[in-house]
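Note that the chains are named A, B, C, D, E and F in the order they appear, and that numbering of residues resets to 1 at the start of each chain.
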Amino acid sequence: MSGQQRELGPFGGIATFGGQLHRPDPAGADVAVVGVPYDSATTFRSGARFGPRAIRVASQALRSYNSALDVQPFEVLEVVDAGDVPVVPAYVEATQERITARVAQLLRAVGVVVALGGDHSVSLPLLRAQRLRRGPVALIHLDAHPDTWSDEFGMRYGHGTPFWHAAKEGLVDAAASIQIGMRGPTDAPDDLRRSRELGYHMVTGEEFWELGVEGTLARVHQVVRGPAYLSLDIDVADPAYAPGTGTPEVGGLTSRQLVTLVRGLAGLELVGMDLVEVAPPFDHGEITSLLAANLVYEFLSLLAKGSRP
Amino acid sequence: MSGQQRELGPFGGIATFGGQLHRPDPAGADVAVVGVPYDSATTFRSGARFGPRAIRVASQALRSYNSALDVQPFEVLEVVDAGDVPVVPAYVEATQERITARVAQLLRAVGVVVALGGDHSVSLPLLRAQRLRRGPVALIHLDAHPDTWSDEFGMRYGHGTPFWHAAKEGLVDAAASIQIGMRGPTDAPDDLRRSRELGYHMVTGEEFWELGVEGTLARVHQVVRGPAYLSLDIDVADPAYAPGTGTPEVGGLTSRQLVTLVRGLAGLELVGMDLVEVAPPFDHGEITSLLAANLVYEFLSLLAKGSRP
Amino acid sequence: MSGQQRELGPFGGIATFGGQLHRPDPAGADVAVVGVPYDSATTFRSGARFGPRAIRVASQALRSYNSALDVQPFEVLEVVDAGDVPVVPAYVEATQERITARVAQLLRAVGVVVALGGDHSVSLPLLRAQRLRRGPVALIHLDAHPDTWSDEFGMRYGHGTPFWHAAKEGLVDAAASIQIGMRGPTDAPDDLRRSRELGYHMVTGEEFWELGVEGTLARVHQVVRGPAYLSLDIDVADPAYAPGTGTPEVGGLTSRQLVTLVRGLAGLELVGMDLVEVAPPFDHGEITSLLAANLVYEFLSLLAKGSRP
Amino acid sequence: MSGQQRELGPFGGIATFGGQLHRPDPAGADVAVVGVPYDSATTFRSGARFGPRAIRVASQALRSYNSALDVQPFEVLEVVDAGDVPVVPAYVEATQERITARVAQLLRAVGVVVALGGDHSVSLPLLRAQRLRRGPVALIHLDAHPDTWSDEFGMRYGHGTPFWHAAKEGLVDAAASIQIGMRGPTDAPDDLRRSRELGYHMVTGEEFWELGVEGTLARVHQVVRGPAYLSLDIDVADPAYAPGTGTPEVGGLTSRQLVTLVRGLAGLELVGMDLVEVAPPFDHGEITSLLAANLVYEFLSLLAKGSRP
Amino acid sequence: MSGQQRELGPFGGIATFGGQLHRPDPAGADVAVVGVPYDSATTFRSGARFGPRAIRVASQALRSYNSALDVQPFEVLEVVDAGDVPVVPAYVEATQERITARVAQLLRAVGVVVALGGDHSVSLPLLRAQRLRRGPVALIHLDAHPDTWSDEFGMRYGHGTPFWHAAKEGLVDAAASIQIGMRGPTDAPDDLRRSRELGYHMVTGEEFWELGVEGTLARVHQVVRGPAYLSLDIDVADPAYAPGTGTPEVGGLTSRQLVTLVRGLAGLELVGMDLVEVAPPFDHGEITSLLAANLVYEFLSLLAKGSRP
Amino acid sequence: MSGQQRELGPFGGIATFGGQLHRPDPAGADVAVVGVPYDSATTFRSGARFGPRAIRVASQALRSYNSALDVQPFEVLEVVDAGDVPVVPAYVEATQERITARVAQLLRAVGVVVALGGDHSVSLPLLRAQRLRRGPVALIHLDAHPDTWSDEFGMRYGHGTPFWHAAKEGLVDAAASIQIGMRGPTDAPDDLRRSRELGYHMVTGEEFWELGVEGTLARVHQVVRGPAYLSLDIDVADPAYAPGTGTPEVGGLTSRQLVTLVRGLAGLELVGMDLVEVAPPFDHGEITSLLAANLVYEFLSLLAKGSRP
């Protein structure tokens, strides 16, 4: 957090992530935060194209010191805001190409890219960029939905398909990956089964409430090996905590549970993150984007404490 | 869930409950969902007349398969949307007559009617219709308030009086009935006592937080016998989970607890349900109506698994 | 307006357009209203996918008699609600094909189709369906923007391109067509010029405020010949009157001016209409969707008075 | 406006109307403002029961001096806030009795009562109270609707029936009365005709836009004779100016026109006023209640300048 | 709760706290509730100047009997609403003087003053008034932030500085005081340490979730001695429960936990309370102000049961 | 407008004003836009501290070409976003010093500074900075209020006092200055007179509606001489057009009138502008901030066409 930003207060200044410098070319920095304002692949409520902007605004309330983890992430790491990827609202495939190209470019310049969505379809091109840099990664996927449909509305890509394609394209090491929080009505009995057939481990929402945060983290640390990528769909939280999202599902996690889950990833080799599906038109009091900003902050804190490539 | 509805996505199509067929005459179906858009008997915030419409809209997000219960309710059961009961905003007694007449008619055509309120005054005429079909029922009543006042504002009927009259008119078997979740300030010390004098069992909000969901369900299964009717006032949930209601009370249940409570009714002979007091003008992000739609979905899932008459 | 609907009041019942029957196959009716819940081609605020549903809800407030025009449109004409076109959020071209196919099918069954958008990209496939039925039409286009860009974000189709393609594809008779209301900042000096190069007549927003409604209507009646199609983008209204839209522009028309403009089309041979760009997440008090519903109602009233094919 | 209120600023203090004293017994004052928080007779959107509270809150922004009329109404007149009439939400007839009784009591204590609704059904018992004090009055009725239906939903009283009964009960001198602003779809061709059959003069919304404010006022001064009562339904304004109302109609008046219309009543013998149908749950930025508070302020200013009994 | 207020229902009447009498001079009463509508010292979102009004409105939903504590606070105690302190928005020091003067005056008339904020800067002048009456007090401070900065933006007073100055000025007995709930990012590592250096005990947010309500209350009863003052910043609650506040922090308490915490103060000698940082423009469905009103109600109930000076 | 910004669409990218470069040191540019996020001097609704951010966000919808004026302001002029002035919420005088210092610094680097408020108190230090650069200026003041009180709440500075002090301090040449749009209740009969006593010309709101835009502009051009400064309080617009403001007044200007008024300043020597009192928490659909962004855009267009120093 720059001195200038602290001087201005969270209501002032140009809203970059955490008040960090806006540098389209982040060469030399440790972490680049990049927005992906795309929401055309969502199958229910659109609006996530405004997610990056809202998270940036909410992130003005972040401050220097993470007392729970005893670290000052913005002091330890040079974090920059690389701006947004140019997207094409009406064309998902052209958008994916631009995302992969831009993020691959960023990954040549910095060690870790944190992407702010956007709907969940953006995770596929983000993982394609990761593969170009590092090969397959272990996926830690927090979400109310498995997002392993093979297609949506009869077409190849939607916001419910990224992890089908990620497995099929070899972007992730499914056996070292885990999905957490799936709940609510699904289209068909095999929707959750399909994830397991692709090799992913899973802690469903029902299982989460039995295991608790600690038990779930134990499962994560059993499963995840090697470079790990966190994909966090804000709808893993209950609608009371994250109303501003496209496909809310009741019975979800609390903000306290989510913060604790992310902190519990300490010790893994974290190589990237996306925080998706914040849809500001359905938010109120900015509580969803504030939660999102804090979860990114916790992730950065882990990086600052050494859980990075 | 019809193939057409799935094809359209939750943002498309005519908003019937769950995308099911609109059939004013539901003869031959298993379950009829009917709206009761009446809110004039509410004593605080009006708006529940838009409850049926909002729940129908939110129900577009429901999908075919309930993975927690491993059942496809809309496949097992023929569920139809019978539309709304015609009400008379300014006249509660004329409205009650129309509700009883219409629902009695529906109960001659289908096995189970699920009513979407509207304020809680509608439960009295709904129970009158049940009695015409089945005689007295055991009541499972989830609510922040007992609704056993004998009158309101000096007049016979209000949204706080249905279960006084239901007991007095012999519509319910109070000794086999249970009220859950009562909390918050009341008018007088005897407000909760009155319920017990009428014969109802009760787990107050305070007791619920000590017993937990499991302990509460144990009490339900001890008490409830014979045909059981679920009356669920959405204000049993905490305002964080259900802001869109007429008489919110702090310190209420979470969405996870409510879903688990309803699922825990498995094994009872469920003959009817109403879901009342969703007041959309005070909702945001549709979280209250989404919770309501899901609770109805869980109830239908129980019916589909055999917990029905 | 059916007797049933009137009995229920505007707060009750299944929300079809104007409370008319939902008939996916409208054969034999005079007019079919169809929703096109597509918003992925919008270049600013998404949300118009909920336009059809919101307009249907607002249309419950319409009633039988148009006193200004002395006609009862729902009595004179059989109007049905044909439901929504299935769209594919992430794919604009697949969506266009489905729109054209479905509307062409409807146009084989009824004389006039009124489409509720959705963003303005849907007008292109709607006009393609019109051509299949009738050949080129004269376009009356009310909008804050000309929508005659040849491409957007480097791709062929967006919500700003329909009338470039419509002219190039010969769907409209540009010389008999008029655009009204264009104002606000544009990308480049030739944005308005391009419309004129394509042959369209234009009354810009600035000109409208000088000509007034009467002067503008005189221009319409000078220009428009033959079968005429009305494409009404709600952002032609000022944001005070229509905040719920994707690309609002200040300095627009009032609701009174818009109602009077539509009424002033009496005498033309009106063969179709679309009402697009209602984006409910940005509306409040439903004022935008109510305005939209009323403008459709005025159009239906003109048809009922004889201004139809 | 008391010194204390000015000292506190509009954000501070107990929200009585205009910061005036709360005196349930207003004996000796010139004007009593009374709230009538009843909304069960509304046929579309409920919420007007919160009208009195919202108007009181908005009225904190009123200040001492009306520069357009060069008068300080709260200095010239002793205005008190008499609180609210107790109503019975579920019973319209019991409510009417309480309104008439309470307002008749107030009219024995003060010269003029200004009532804040509440839905328009409250005007009937208000006029009954006026008759007890003064005999029939001339009615100046600003509204989007005539409210001269003989019944609603098959029952005697609704918010659309007050002026049928007022005429039939001899509460108003219809020949000396005028209705202004009626527009939008109605149930049947005779809806406006019925007003004229009852003897009321009318300037419809269409006529208003041709006559203008001045022409309309000329008609008012031609028609109105004797003690005059102003009934102002806020939906006479366009939804852009008054979104917070129960039955909005597009194409209505601007705030400037309304303020000018009320000021133009100078010279009449004004004996009472009601301001009804402010429904705060549908308002935003308090613009509807602020408009309402200002219209009452203009009315009080007329009284202060001598236009009173 | 007066009989009149109960007769009116929570939607009616002049909104004093709990419907109690407005008495600027509360001599002879037991408790005076006073509003402090000041928000200029807030460092993030302004709006708390409307806190007193919103809490008063929400308090209309309170009723006579606290069943959990078996007491009728408004019957046992004479509680009056003393109105608001006059503040000067642009001048924090002038405002502080007015607050101390007014509250000292009230404390000469009644035993206990409950202040409704306003931002947290108001607690300093409130504690100065307490000292004038009673000498130093033990502080029970519920908040997401320690508010022990020595200055903000380079100036002496802000909403983050009250308890630095309170300790330095000897207004509180820090060794008998406890702060509960601190969490979220802070400016620097010593932010929490500073509280401890000033002598305050602390249960951070992290510690709270480990100790639970019971464990935390045990700490309170170990620490607190003598006359105790409760300062409750509503942001101690999670944003899901209290979105309407100026500096929300994720991972906070639930409404149930907060109610139980306040009830657990039974047995202490409670001499005053403030409830601060309710910012209504960011609230929805009034859930934050309703929670605030209930927490004051629980505090009054403790007083009524004897936990008072 | 940079190519990058156009590529991203208005939903993407870091929200600087108009997508222009953020340069805290604007040396060499033509115009610097600077935010002044201060709202503690407002006497009614706070929230304007978020005005600069909201206007920047809305300004993403601006585009390159102003067709009405046939100019591309961002091509002709180098406009930069200089970020925000650091303010001290609780201290108005310290804030004023920082504003004057920062803007004086900017005025040494660029020809024209456009300031985005913030409440109207910021105009005083802005004019002090102007005087340091140019000596007294002619003021063109659009507002619902005269803002010529000598003090507020008994203290020197408030948002209603800037133009008293500006006249007294010799910052403006009152005889060459004009105030436009004053209306609504004021504290006392001499409130408008005081402006005239200070030497300002005035066109009240009432006079504006008689003169019209053209007549008003004629008055402006008669009065204004020499370097001219535009201070535009968004509450000059009607609440229907600008609900998001602190002290709304009914009966105000339309967006069309305001745009035309600003364009009508062509030919003057415009040396600076402020756009104040946009209070986003009370806005909806961003219509107020969009209007504000457009009015700044029109001003920049005038500069680009030569109306500058």
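Following the convention adopted for this analysis, a contact is a pair of C-beta atoms (placed from the backbone, for glycine too) under 8 Å apart; a residue touches a chain by one contact, two chains touch by 3 or more.
Worth saying up front: this structure is predicted, and the values here are computed from it rather than measured.
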item	value
Any chain in contact with subunit A as well as subunit B	C, E
Reaching subunit D from subunit B through chains that touch each other, fewest steps	1
Option reproducing the contacts of C-F, where over half of them reappear, out of B-D, D-E or A-B	A-B
D-E against A-E, pair bridged by the larger set of C-beta contacts	A-E
Mean-CA-position distance for subunit C and subunit B (Å)	40
Centroid distance [mean C-alpha coordinates] between subunit F and subunit B, Å	54
Junction residues of subunit B, two or more chains touched	7, 9, 11, 43, 45, 49-50, 86-87, 89, 153, 238, 240, 282, 284
Complete list of chain pairs which touch one another	A-B, A-C, A-E, A-F, B-C, B-D, B-E, C-D, C-F, D-E, D-F, E-F
Subunit D to subunit F touching residues, read off their complex	6-7, 9-11, 61-68, 70, 72, 238, 240-241, 254-256, 259, 284-287, 290-291, 294, 297
Complex contacts: residues of subunit E adjacent to subunit D	4, 7-9, 11-16, 22, 24, 35, 37, 49-50, 52-53, 56-57, 81, 83-84, 86-87, 89
Touch list for subunit E against partner subunit F, complex	39-43, 45-47, 49-50, 86-92, 94, 121, 152-155, 157-158, 281-282
Residue ranges of subunit B touching subunit E (in the complex, touch as defined)	43-45, 153, 182-189, 191-192, 204, 206, 209, 238-240, 243-244, 247-248, 250-252, 282-284
